[in-house]
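Mind looking over this structure? Questions follow.
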Amino acid sequence: MTAWQRFLDTFFKPEMIAQYWPSIAQGVLVTVEIASAVVVTGLALGLLLAALRAYRLAVCNVLIVIFVDVLRSLPPLVAILLIYFGLPSVGVSLPSFVVLWLVLSLVLAAFAEEIFWAGIISTPKGQWEAARSTGLGFSETLAFVVMPQAIRLGVPPLTNRTIAITKNTALGTVIGVGEILNQATAAQSFSGNATPLMLGAIAYIVLFVPVVAAGRWIETRFAWRRA
Amino acid sequence: MDQIGQQFLNLDIMLQVWPLLLRGLSTTLYLCLLVIPLGLAGGLLVALLLLARSRVVQWLAIALVDLFRAAPPLVLLILIYSGLPFAGIRLSPTAAVCLAFFCNTSSYYGEIYRAGIESIGRGQWEAARSTGLNGWESLGFVVLPQAVRNVLPDLVSNTVEVVKLTSIASVVSFPELLYSADMARSLTFNSSPVVLAAIIYLVFLWPLVRLISRLERRVATH
Amino acid sequence: MAILTVSGLRKSFGASEVLKGIDLTVGERELVFIIGPSGSGKSTLLRCLTRLEEPSAGTVTFAGVEVTARATNLKLVRRSMGMVFQSFNLYPHMTALGNVTLALRRVLKKKSAEAEALGRSALAGVGLADKALSYPSELSGGQQQRVAIARALALDPKIVLFDEPTSALDPELVGSVLSVMRDLRARGMTMLVVSHELRFARDAADRVVFMDDGRIVEEGPPETIFNNPRETRTKAFVAQLIR
């Protein structure tokens, strides 16, 4: 066998591909489900926290800042292991996919909060003044005038960050979530061949390259033109 | 309440596992000292490829960068660590981890450098060239220093990400901090070692994260 | 009939006192023009009237309501005091119509159809009916300022405060804004204007107020202030402006 044939046989064995692509596809489904859920809850929570911070309530702010700092400093895997293996001993038993979703959502929320908050404070003071001068209250001004602008400002840095965090769904394999990597490594140890692993890698690439490309497009489109 | 303290904040166990975690920490630091400079250097190379005059080279570079930005680092790591042996290539755990990290971090650092270099106006290049500096000198002495200053928050932010990333090496049994902590957890049936590891990560990374917030806010208010 | 009364107004920012005791009245349908060197406190005065800046001392009474009282519902007061800013401050993410109708919908709780009708008529009133669906970034400076004026007028205020409305505009665009202001004057709106546009003051103002260093130095009809001022400071300032 030449080196090339050996390479193909290791990573692209046709029989393996045929046998294991259904389970990889299953993994893709799980990955997409969890990633989507993480994006929705993470961004919503981040938005909420940033809006809350605008009210400048001292205690609230301190709590938010601590929450955000801790989740931005901690490797997600540490939090995952802590919650998945630790909580059952105090009586709280969460399924693995819930733990994965929870940790990744909180991490995304933390990053999103910082990005939205930066957007809020960089909105010109004149916007607040104009709105308040027409009789709009603080909350109304925040909701209809400031947040829309903050969100627009936040889209470019947020797309990158969101993609990076959703890729961490691969960490679910460590606690047994049936996503792509888990299916791939199981198949690999079962079959003694690395083809399923390559299939898994390709599945991720096929899944995320369009997302990364879309992210690039979103960034250029949302280069905000100020009035 | 008391149970939580027992399970997560057990000081006796923390003291017991401290030496083990310390060793794990030193491995993590060793890994960082290897991977971060490699990534920074690799990133520069990638940026130059991304800005190459040849369209073919550019497109190839973009394809590779997007590939490595699309693949989760853990997948890359496992592919290299568990997959390559099947093809007869046996890398040491350190080499496998470094290779996986190099591919991933170079792509991210490369994009950051590229954005920084592109943000420097044409005028700087022209000024440098017109004083007789060649392309490389212009890059090294005039453009790059300014570019780096512009994207410093992103560089620091990505470096923090790399430090956090070292924790995934635990999955392939690389004896860094998280691996040691997780091992201690399964030996003691107690999660305090993992809490201790979390605290150690926080001690190192929290100040950097605060710094990044401040830098980000300064850039945003332009 | 005084609609706005300012009494003993003071404002300090930290250690520096910007307004040192202002007494001013504005009558219904009057156009009062405020002039003075930069740093004299003109803008601060205007902003204190709607409590965008909180006065340090003194009172402001508008249409019988004491604006400076703690219990006053500022939302209600601000609805009847329109404000136009030097930097327009249009909402960039909304169309001209959206800018004008936001407060109508949110503050006055008008239904969409009614709000839109009022908004369109306000825009027509400043000559921009055809730009209702344009975004601020698509409009010239003069057009943006006119939309800002329409936004203030849509709420049917009893007075409109202008804070250097043309200072940020290119000279060619100033005329369009001034003509809208002239129009407003003709329709009988009470106006308080801080500006350097002296020709406009001469033509349209009922009273000119000269401020310097946080105090009102002199006030009177435009002919007096521009041609025959009493105070030397007024004379010096007016002389350097009129070439």
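The chains carry the letters A, B and C, assigned in the order they are written, with residues numbered from 1 in each.
What we mean here is this: contacts are C-beta pairs under 8 Å (C-beta built on N, C-alpha and C of every residue); 3 or more make two chains touch, one makes a residue touch a chain.
Predicted model, so just to flag it, every value in this text is computed and none were measured.
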{"item": "Closest chain to global C-alpha mean, per-chain Cα centroids", "value": "A"}
{"item": "Furthest chain, CA centroid comparison against chain A", "value": "C"}
{"item": "Centre-of-Cα separation between chain B and chain A, whole angstrom", "value": "18"}
{"item": "Whole-Å separation of chain centres (CA-atom averages), chain A against chain C", "value": "48"}
{"item": "Chain B-chain C separation of Cα centroids, rounded to whole Å", "value": "55"}
{"item": "Numbers and ranges of chain C residues touching at least 2 other chains", "value": "none"}
{"item": "For the chain B and chain A complex, residues of the former touching the latter", "value": "3-4, 7-8, 66-67, 69-76, 78-79, 82-84, 86-88, 160-161, 164-168, 170-171, 178, 181-182, 185, 189-191, 194-195, 197-198, 201-202, 205-206, 208-210, 213, 216-217, 220-222"}
{"item": "Sites on chain C touched by chain A in the complex", "value": "50, 52, 75-76, 78-79, 81-83, 85, 87-93, 102-103, 106-107, 135-137, 139, 144, 148, 151-152, 155"}
{"item": "Chain A residues touching chain B - in the complex, by the definition given at the top", "value": "6-7, 10-11, 69-70, 72-79, 81-82, 85-86, 89-91, 114, 118-119, 121-122, 153, 163-164, 167-171, 173-174, 180-181, 185, 188, 193-194, 197-198, 200-201, 204-205, 207-209, 211-213"}
{"item": "Contact set on chain A toward chain C in their complex", "value": "124, 126-127, 129-137, 140, 144-145, 148-149, 152, 224-227"}
